[in-house]
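Letters are used for the chains, namely A, B, C, D and E, taken in the order the chains are written, and counting of residues starts over at 1 for each.
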């Protein structure tokens, strides 16, 4: 009960900040668009890229955008110690983690709504399958990344190693997930659902990184 | 005289900080390496990529690494207003710009020493020409990016969107330079020096963005 | 009855420095403990440990006779040099956020009252990042008092406050004390609260010494 | 002779607020001007404009009778809430950096003396990011005084200082004044320097009023 | 507004109607493209306005740096904002046109690429200004940035000759390579578009001025309230 109330307040606060600084969303989006655009410019003519590469670049892009969003939120919460206030919540501190995951997920998904169609237009990738499965894999993949990212930023919350740890750890930690989503997405570009094992990897990631932090959080966040 | 003394003190201070926070350098490097590695992973099999795309991805990588370094230094200088102290220098404030350019150039060049050979190994690109010209274009291109970046970070000094605006301004402003270095580099991958006009674009960028800020800087640094 | 706060043999190292070295302290209801000590003696560190924001290396911290727990957290309030406020939210939104987290009834009314008490009601729609130093400090004070905590940790609360606000703060502290709260107050500015009945402790060499004032 | 500092009709807006609105002020050699004003009245903003860190919207700022210029910058010193120090450098390195920028002769000796005066010589090899609030403030004071400026802008210099350091600061200010420096002092803490002969000005509604103290 | 200003606006209105008539009825369809060519009058005129607007921004920015008069800065700001809107028009109309004649919405032709860059550059200009609280600093920074960003305009214009792309280039030093009636229609739409630009620039700047006065008034009210508080408080 208290948990949900606090969770809800936190996500509401994040959304309010995002809404307040719409410019920030616009600029994150522009940044991602620019990356798409530069990739287009640079890969122009290499249209004989494999589907795997197509899907891979898309996911790298999404990861970069997600990392950006993580850093931004981290900055906001570190301003004048705002985040320490939130550690005084009268409930389990894992609420901090879940609030983070929810806000990020929303943020990145909204970016994807613009990015993905644009990417497919700019790089001339045509999608052979219904949008349903694509959306499913996008959601599941994004959730996985976001959870890994939120865990790492919270882990390194008070550590001065934060700037060092997060970028270094986030990529290796999500390589299996990345492989999974890229495999599945590239299958989809060819018109089928992809191997079950990859779906299992993705689902395992989502579950693992949503459950584990809830159990461990009170040990890793100070007191 | 005073100008050089101040410039030298500033660069010295930057190097000292870099040296002190070696972990941070390592983390930037690891981040870039991981990106190379992930690109390798993702583009694996697309070995029929054009030389243009090869060169383009390398330069995008260098730009991202440079951006990382810019942001980091910016963080350091913003800590408790450190940078405002430096605006009290008893000489022309453009010294701030030139000091920045020098420190960044050093930083990014050291990264390139690791990144470039690795990139060519990971992506299986073989370089057909002597290293001399490659080094020349790397240096000139990096100088151009770094100069644009240093100017823009100073412009965005007091902007609340700083971290995200700088990349948005840097990428478009350096597209001609990017095209130039990518064209030249891809020619080199095929064994020749590339068209003169591209060299001219690169040189023009270097000169323009080293001279212009010197003239305009006193307007943007306060008073 | 239990002490509101009890520290026993608290030890804490930061970097290579052992900052706290077996510090003991108890605070009872209706007590204001004024902690003095030179710059760098570890007062802020002690507050962080006592407030559960930092784990002690050795020793125990007890709140209301129990180990710190999430349930008890809503009965303590902390004011540090950092304001714990979001720069991108307005003054009112910041307080509302904390009111919701603590699950206050009548959140709007309480926030309104809080803002009026620190005389920020005219600036309630201004983003906190545009606040002056003293305005931010006042809002942080309102934030600390919002959920009517029973134990208060105040690290240099008078910093940046103008004369009128200083008097107000002293007045509130007096009231809180009468209402039975326990207050741990760090301040170099003895004049601001010279009328309050305080118990002085001095932090030196990582230990707390009772009664020594300067 | 020229005034050390002269502000004429200074106007400054931040966001949608017009903070300064035709502020006039002169400071002569050997004068300490104590500026008071409520929280948020614009004292810090005024200091930033007067010190050349921010451009006035209208009005003029004169240093030693001239427009601010890079040459004159080395004759003024500014202390704000932000310390202008690098967290990743040690105390000594920070001061050495500033000594070099200002081209001081005997940089090492001067830095050594500065550290000793603010009693930080034992912590000179500690990174500033590990400093306590008061230690950082003391180092910032040393930084401000390092190049022996003739005009000093001090925004709440007593904040965070322990009793001993406060007394020292007052002592220095007295000496500087005798040596003919001009000082603009903002502080809510009148007790710390009650022995100093100050001229009081009050900032209210964006204007400066002479002589009004509270 | 004064009477002569109303007259000018009315004239502009009439001009716009005439321009529509010439675009859609008086001018002929083109040999290969047919009626699609009519997009040109909108497309090219929008590009002309965008270039003009950014040019004005750069110029007024420099004037501001020297003169420090608030009005120059406001004009520069508004001009850049209008420019972004018209660049968006260029991009949209070009894409529609491209879909019709090249069978693709987008391609990495140099002219197209540099135009997109232009759009990003001035979007950043707007964001940069909006995110700096200090008015004087925002003005100075924007002036310098606006000047640098304007370098892209000659690059776009020269892109056709420097790099070989597929985007047409009919306006050359030798003149217009098209029938006189089309040239006339095109020139007339330039005139009307530039007229509209001037009107928007003027009105928006007036609005900025009003907004400023309003915030001054608000400040007065604030001060009065503060005085009241003080009296009641003590």
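Definition applied: a residue touches a chain if its C-beta (ideal position, glycine included) is under 8 Å from a C-beta of that chain, and two chains touch if they have at least 3 such contacts.
As the structure is a computational prediction, the values presented were derived from the model and not from experiment.
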Tell me which chains count as touching both chain B and chain D.
-> E
Distance-maximising chain from chain C - centres being C-alpha averages | E
When chain A touches chain B, do the two copies use mostly the same residue numbers, with over half shared, or different ones?
-> same
The larger set of C-beta contacts, choosing between A-C and A-E, lies at A-C
Any idea what the CA-fit rotation angle from chain C to chain D is, to the nearest 5 degrees?
-> 180
Express in whole angstrom the distance between the two chain centres, defined as the mean CA positions of chain A and chain B.
-> 27
Whole-Å separation of chain centres (CA-atom averages), chain A against chain C | 37
Calculate how many whole Å lie between the centre of chain B and the centre of chain E, each centre taken as the average of the chain's C-alpha atoms.
-> 32
For chain B, residues contacting two or more additional chains | 160-161, 165, 168, 171-172, 175, 222
Could you tell me which residues belong to chain D and also touch two or more other chains?
-> 14-15, 54-55, 129
In chain E, the residues touching two or more other chains are 113, 120, 123-124, 127, 131, 133-134, 137, 140, 222, 226
So the touching chain pairs work out to A-B, A-C, A-E, B-D, B-E, C-D, C-E, D-E
Which residues, counting only chain B, touch chain D once they are in their complex?
-> 2, 5-6, 9-10, 12-13, 16-17, 20-21, 76-77, 79-82, 84-93, 222-223
Where on chain E is chain D touching in the complex?
-> 70, 133-137, 140, 215-216, 218-219, 222-223, 226-227
Given the complex with chain A, which residues does chain C contribute to the contact?
-> 52-55, 68, 70-71, 73-74, 76, 78, 80, 82-89, 93, 97-98, 100-103, 127, 129, 136, 143
Would you mind writing out the residues of chain D in touch with chain C in their complex?
-> 14-15, 37-40, 44, 81, 123, 130-135, 137-138, 156, 159-166, 188-191, 214
Parts of chain E lying in touch with chain C, wherever the complex brings them together | 133, 222, 225-226, 229, 233
